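So that you can tell them apart, the chains are marked A, B, C and D in the order they are listed, and the count of residues begins at 1 in each.
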Amino acid sequence: MARLGEYQYGKSRVRISRVTRQGSRHEFQEWTVRVLLQGEFEASFTLADNTSILPTDTMKNTVYSLARESHASTIEEFAIELGDYLLRNHAHISGVTIEVAERAWEPLLLDGKREETTFKLGGPELQTVRAERSRDGQWRVTSGVDQLTILKTTKSAFTGYIQDRLTTLKPATDRILGTCASICWEYSAPSSDYAQARARVLDALLREFAAHQSKSVQHTLFDMGKSALAAVPEIVRIKLSMPNLHHLLADLTPFGQDNPNHIFIPIDEPHGHIEATIER
Amino acid sequence: MARLGEYQYGKSRVRISRVTRQGSRHEFQEWTVRVLLQGEFEASFTLADNTSILPTDTMKNTVYSLARESHASTIEEFAIELGDYLLRNHAHISGVTIEVAERAWEPLLLDGKREETTFKLGGPELQTVRAERSRDGQWRVTSGVDQLTILKTTKSAFTGYIQDRLTTLKPATDRILGTCASICWEYSAPSSDYAQARARVLDALLREFAAHQSKSVQHTLFDMGKSALAAVPEIVRIKLSMPNLHHLLADLTPFGQDNPNHIFIPIDEPHGHIEATIER
Amino acid sequence: MARLGEYQYGKSRVRISRVTRQGSRHEFQEWTVRVLLQGEFEASFTLADNTSILPTDTMKNTVYSLARESHASTIEEFAIELGDYLLRNHAHISGVTIEVAERAWEPLLLDGKREETTFKLGGPELQTVRAERSRDGQWRVTSGVDQLTILKTTKSAFTGYIQDRLTTLKPATDRILGTCASICWEYSAPSSDYAQARARVLDALLREFAAHQSKSVQHTLFDMGKSALAAVPEIVRIKLSMPNLHHLLADLTPFGQDNPNHIFIPIDEPHGHIEATIER
Amino acid sequence: MARLGEYQYGKSRVRISRVTRQGSRHEFQEWTVRVLLQGEFEASFTLADNTSILPTDTMKNTVYSLARESHASTIEEFAIELGDYLLRNHAHISGVTIEVAERAWEPLLLDGKREETTFKLGGPELQTVRAERSRDGQWRVTSGVDQLTILKTTKSAFTGYIQDRLTTLKPATDRILGTCASICWEYSAPSSDYAQARARVLDALLREFAAHQSKSVQHTLFDMGKSALAAVPEIVRIKLSMPNLHHLLADLTPFGQDNPNHIFIPIDEPHGHIEATIER
């Protein structure tokens, strides 16, 4: 006998872009939305009964239609609006998860001056949110950034680790430390200004990463999280996943050359992976 | 004040390939391994103390070295060997998660006859395993397949769903149903033959997918899971994530043409996403 | 002063899928089409005069509409039909290039028996065609395959090459030879059966690859091309681009282990790249 | 009979990163290099004779070793150094093509102030060069940028094009114009300052893109090229490939909503593709 365990369904990769006009200056945002519903949909799985299915195509339409009416200025506000709409209009939905990712479009700068209606993609990173609510609960909002690609050329060491018969790594007192980080932080309560909170979290993270005298990725990761918690009281925890994007010192001894931390070989694989949640 | 919550670390994307010779016939396997450790590593995060850190570089070496000694014929056996080695040799490790993905290399067939030492990649899918063990516990082995890309051109309908003011989808009594499925199943106990169990799960899944009179992705997903559970007693649950890779019927009415399920427009985004766990 | 040099424009990534019914058995094809036009479009560039522009959106519609009417069974025939249509209907177009790529959908086999309406993606490779014609010329048809991912575990050596002060590579008398080949061949005249010609070219290529006593990628590449030319009289030349997807023998000496061609480390980068055209 | 036509070989995806120290301030560059050789290598293809083959592994070593000695500050200078080295040291090489791509690492800015040793990836774009020389010829240097991802939210129209029975596109007097451009420009002679020339080309391109009253992609492309030629006398031609990354106005009429250029649906496929070379 088989029975249905946990399940959910929804629509992924619903993309919208939005132009907001403030006189001659435009704002431009591009979002990718994911909607996931929990609720009384068992019969669709087990009895081929679709009467409780809101089609994923309709979820897509809902994103488009709500985006037009929305006054949200951030992905957090839009995620909450969208989830509230779905819960309000469909009584059999018991819970909703909305994820939104925003691409890094930035106003084009020419001679340091902002072009008013032209934009350039300013990095691979995505600003993200995951907002979850069950019908009778509060919103749990987890904002984040994915693929934040940063690197420091000094103030990073790795020594004093376990040595055994399988060790070939040499201790490094000065190395490149690079990562393509995925970071997310959870708010204790709805924020009055998600944009400002995000800016402060990111600033704290980047400032710590740059200044840190790193003894390991673990060490830097923890202090980055600690700094973010210190800087932004409204967040309760922050999770950092930091792959170690190695730049190996090129071994030039076969060619009779030294290499005083000058030329490195970047590799994508294999890579270290460090992740931790830092809490108050 | 900040404190360390959950954490783990390890090495990702460690790739190996292996040639096994049986007379003039060769077997070829290509694996990507991920090692994640849990344990007493707090001091590395909070005190910059690396004395308990097994370098991820050493984990990589461990994969290479063990692969040479291993008698594992499946990714499940190798994952268990690797995890056991790490737990046995490092007392401060409390838990280990090993993931291995195998690419779909198949012996080349010419005129239906197997070439003995030549291989062709036979699909995008990856055969996977995730094996987890805490020091004092048993192995929990979850095998799976990722990116299984399959499609049926009939025996798929979608009707009878909720209609509201945002509905534009038309009911379909005959449509294409395509997916790039991620599926994983958990064993109740160590299997004596993972290769054979995997083959039976996959066969049951594909057989059901092909034969099913689908009323929705949910319906097909559930019956696929049910069939796998029925076919393979040693698995306790199976999780299926099935994006709905839509093939939209091309609307040719502007050109005065009909389109009786002949020409479709495949789209990658947006896409439906259905996931559920089916249990005994 | 600036003047317009070479130019062309068109539509890329126009995707269609097609179901062809033969009783209870279905054929399924998925194509991605690219249309590029040459002709008298200078004024659109230099004078902002769009009167000669066929919108790329209309090219997309043309693909959809023609696909419905088409009796083409191969991508070659469809490319020619599409190009002929465009030249016939737009007198100011002087030349057209049509590219079509077909994904490797294969009928699902269960117990060796073909499922009639279910398909599985059988590899990363794409069957391709590039068909070019100027208004007063003949069709030049170049068929091919991209991302043909194949590998042999023996009968491959590489020795006798230049040794200099920057050489660190060790000669290999028995190594893995893997590639993700892009191959294309040109027909001397329109073929009466592109499907059969394609099958014979691919068979000749794979047969040679499997049987070859390789002294280098160059050596194997040339003999593969030679075999294809010998097998298929209607092609005049064949171009092969074969990245060398290295599988490096794992160096286990630091761990006191031998490694008699057993465990390898596959790398995607850097990789050798060999390309040549073989002609009659 | 088969004979060898055009051929070349080399090494792709050779990655290096380089730290240059100027007191406490560091420069960081990450390059991917491709080396392609032409010359007397026929025997390797046709006779399995490797005596003239410089192994691609040695080319990789050459990149590493030369990078250590190099005083090049730009990818153009490094490409030329590398090619010259290969021609000078291997008399049987008749021609060399070196391609280098540089990732968009930028110094991290905090409060508008440059961090001295921390970097952030500032976009998906790659700065590129392709440098070609035959033994007895001069260097032909073609610099460029790939994946330059830019977008304007107004000053773009598309009207007055051909209307026929397959037209469904509606004229637009105000639309989003986005592209992920690949652009390359050729120098008439070796430049004394490639970095400055590159900066001026990019500035001219971006400035024109932002200011342009676009009547079509063709129109904007041509004027961008014209501006670059006007701004930088040392380049003789410039080629622009500009996919039209459509943002479709969302049709909200089924939901009783207007949409005055507010909400769009970005699509990656299908897309227009416009390319042209602009010359003096």
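Here is the rule we use: a residue touches a chain if its C-beta (ideal position, glycine included) is under 8 Å from a C-beta of that chain, and two chains touch if they have at least 3 such contacts.
In this text the structure is predicted, and so the values were computed from the model without any measurement.
Taking the definition of touch as given, a chain qualifies here only if it contacts chain A and chain D alike; those chains are B, C. With every chain reduced to the mean of its CA atoms, the largest distance from chain B is reached by D. In the contact between chain C and chain D, the residue numbers used by both copies make up over half of all numbers at that interface. Two chain pairs, B-C and A-B, are weighed by contacting C-beta pairs, with A-B ahead. Chain centres here are Cα means. That of chain A falls 37 Å from that of chain C. Centres computed as Cα averages put chain A at a distance of 24 Å from chain B. Centroids built from CA atoms put chain C at 29 Å from chain B. Among all residues of chain B, those that touch two or more other chains are 15, 61, 65, 166, 168, 254-255, 268-269. Only residues 15-20, 26, 28, 30, 61, 64-65, 67-69, 105, 108, 110, 115, 117-124, 148-155, 176, 203, 206-207, 209-210, 247, 250, 252, 254-255, 257, 259, 261-267 of chain D touch chain A when the two sit together in their complex. In the complex of the two chains, the chain B residues touching chain A come out as 1-15, 34, 36, 41, 44-46, 48-58, 60-62, 65, 89-90, 158-162, 164, 166-169, 215-219, 221-222, 225-226, 229-230, 237, 239, 243-244, 268-280. Residues 165-166, 168, 254-255, 268-269 of chain D are the ones touching chain B in the complex.
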